[in-house]
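Here come two complexes built around subunit A, the first alongside subunit B, the second alongside subunit C.
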Partner chain A sequence: MAELNQIIGALRLMAETIEKNKEHLTELDGAIGDGDHGINMSRGFAFVKETLDKGGFQNAGDLFKKCGMALVAHVGGASGPLYGTAFLRAAMVLKDREDVHAADYVQILKDAAEGIKMRGKSDRGEKTMLDALIPAYEAAADAVQQGKSAQEILNAAKVAAAEGAVGTEKLVAQKGRASYLGERSIGHQDPGAASAALVLAAVADYFAAEK
Partner chain B sequence: MVGIVLISHSKKIVEGIQELAAQMSQDVPVALAGGTDDGRLGTDINKITEAIRSVYSDDGVLVFFDMGSAYMNAQMALDFLDEDSSKVEIIDSAFVEGAITAIVDSGLNKSMDEIKADIASMKLGKMP
Partner chain C sequence: MKKLINKPENALDEMLEGMTKAYPTYLRRLDQTDVLVRQDLSADKVGVVSGGGSGHEPAHCGYIGKGMLDAAVAGAIFTSPTPDQIYEAIKAVDRGKGVLLVIKNYSGDVMNFDMAKEMAEMEGIQVASVVVNDDVAVENSTFTAGRRGIAGTVLVHKIAGAAAERGWDLDKVKETAEKVIANERSMGMALSPCTVPAAGKPNFSLAEDEIEIGIGIHGEPGTHREKLVSADAITQELFDRILADYPLKSGDEVAVMVNGLASTPLMELYIINKKVHELLEGLGVTVHQTFVGEYMTALEMAGMSITILKLDSDLKMLLDDTADTPALKVIGTK
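On to the complex of A and B.
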């Protein structure tokens, strides 16, 4: 399905999308957190972009490992170790592979969510990025089951993540900065769920535009 | 002597704790990891790793943190540490009280286990 240069293309669009939505993410975090999520993500993905520019990737696993380490080292907030862990899990799924298939994408979403759960001691329903990521995994896995095309699988993850992010508005935050506000966090979208939806949208949009 | 690492989102917080502890105990290996590498409020895995390394010895290292990503980044720093990470322990404790007690204890040449016993009552359930 996707070759290394296409995965790099998708990661570039991810970085651009985050940069474009920097203010928006920071506003969301300003309402219920410490107002730095857009800044954190933009900084992290600027280093991802630098990593992509440097190039020299041996395979897809190496690519995700280097990008994951860029996020771990430069984000500065909880999203650093969390997205970093997600990328490192993706690297473990792909290892020495040079192409990625739809089934791998589903496995990456699954392992990324597991990694975030482990690192954040968190789970679905606690108003975090997991409330976008887990529904995305489930929708993508369903789409595979139903024999859908690769693009349909990517789109299913994109749509479910966006819905999951909007769905965090009605949840009470139980992890991270927003948990200090308790009930007061209701009515606001979780910034990490919003950024996770953007990240997965970038993947789907990149491959849709390639067609 | 047991090394002590202080991680906070704020550089001022860790400097303040070190300053307070220094009134009672001066020659303890204490290392600070406050804020991000670009001077913002936040935590930085590289600063944490450097801090641990700089006070690492066979006597061990106790790592104190304030909240949120400080803990996650401390864990990741241990995952990637070249040194023997079994000698480095992240501590669930009220940050200021625990850190100051540990610094003074280390200055009295107490062992890792003795220090942990002294601060056992200061747990906050920060490490779910």
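On to the complex of A and C.
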């Protein structure tokens, strides 16, 4: 079980991770997109950090809603509404809740993926962030089924998301600007999948470091 | 880059300030936003909101006023506004009768407006939306899945705005907007490119004697390039493409819009308009109303687009209703 201050800690590490990987994400996007994913994400997460610094959250749902709004307002492009949707779906799962359990995490991954599918009119296999997020959800759900510990569940999601992101190298982009490259997008990792994997890695890493 | 701006990053804000000072009786700026809202918001009607990237002036802020928009949201140049801003616009104009969002079909715009719609619905505001995709030139281009929304969007503002002004309910206003979208087609061409201030250089180049047919309003590629030919021949080409997609027959009634992309003299737009009318007359089609001017521009691009909207009795009535906005005025009986 995680309490509000722990979730804030995890979100803080998420923001730091994105900032640290800004150049990397921009390079990935430069190869197949318009090269602004790292810049946009780091700008958005800087505002998430500002939101966290301000504090005053009523509960976990409120926390995710405020962070989601920061992303929506400051990331821009397509990533803004997509990440914003993911955070607002998490806010709905955690509405009026003070703490978060492993089962909630699985539900958040599921609802976030559903929200992104709907918003981006996309699905798995189209070389998007869903190729990291959906495997992460499946792995986390499996880990819950097998009665694994909370940390094992977070780690399962982290590993599956990272594998999914690397796996996008083999895929032909079908959404976003990368889709105009068609076959030429093969061999490049999708920057959205890469950032999604980083976000989930930060959650697992935060709680692992806390132990 | 040769532009009358101060700093690229201040262009949007300074433009909105300038518009607000130009039309204080029509509109005001919502504090801390890039949203302009109608001054005389009527208490008892559906709100109509549009918006999109800037650089298409007078779209969309110039269409705020009686019989058209109640608010417009201005994004950065050629970039969709964000959901939080759109949400503020929705909240500002909702009078309990709901709000219609008029969205141009670009992936970013659709996503951001959809998200704002959800946010407003979570707060109990009734929101409907329509997506304008009038450009017959290309399917799936740089910023779009499906067809692009261009100058025909202004006719959606005009007619949906009139329907709302008449007190029609949200469903009926939406239905009417959808009918306009179903009945209208556009296509454009460019003589010269445009430069996004932050980029500092033109987004494509054309030889002195070359034009691009089917260009988008952000300089996105069209169908092909060709040598410059006469105005009549270019008009014929765009007209044929439009009619191939939406055939008209003798006895039909239409509205025509000849839209300048910003650097095209009105003289040339009138020459185009003459030919459009001749071609329609040749088919036995009656032109009920004509708009010639700069309605949906593309920064300093030279070129134009032609829009043809097939009318029925409802659409004619709504098109003839009064519109009193900075950029479009129609003197009607209602």
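Heads up, the rule we're going with is that the second predicted complex is superposed on the first by the 211 of 211 C-alpha atoms of A that agree within 3 Å, B and C clash if a C-alpha of one lies under 4 Å from a C-alpha of the other, contacts with A are read in each partner's own complex, and residues count from 1 in each chain.
Following the convention adopted for this analysis, a residue touches a chain if its C-beta (ideal position, glycine included) is under 8 Å from a C-beta of that chain, and two chains touch if they have at least 3 such contacts.
Remember, it's a predicted structure, so these values are computed and weren't measured experimentally.
Superposition model on subunit A: subunit B and subunit C are shown in a clashing arrangement. In the superposed pair of complexes, A:72 makes contact with subunit B and with subunit C alike. Within the superposed three-chain model, A:176 lies in touch with subunit B and with subunit C [touch as defined at top]. In the overlay built on the shared chain, the residue A:150 is in contact with neither subunit B nor subunit C. Once the two complexes are laid over each other on the shared chain, residue contacts for A:46 go to neither subunit B nor subunit C.
By the touch criterion stated above, A:81 is placed in contact with subunit B and with subunit C alike. In the superposition on chain A, A:4 makes contact with neither subunit B nor subunit C. Of the two partner chains, both subunit B and subunit C are touched by A:120. Superposed model on chain A: among 207-215, 225-233 or 297-305, the stretch of subunit C in collision with subunit B is 297-305, the rest showing no clash.
Within subunit A, the residues touching subunit B in one complex and subunit C in the other are 72-74, 76-78, 80-82, 84-85, 119-121, 176-177. Across the interface of their complex, subunit B is touched by residues 34, 36, 39-40, 43, 72-78, 80-82, 84-85, 119-121, 176-177 of subunit A.
By the touch rule above, subunit A contacts subunit C in their complex via residues 69, 72-74, 76-78, 80-82, 84-85, 88, 119-121, 176-177, 180.
On subunit B, the positions that touch subunit A within their shared complex are 36-38, 40-46, 68-69, 72-73, 75-76, 128. Interface residues of subunit C, counted against subunit A in their complex, comprise 76, 79-80, 82-85, 107-108, 111-112, 114-115, 118-119, 142, 145.
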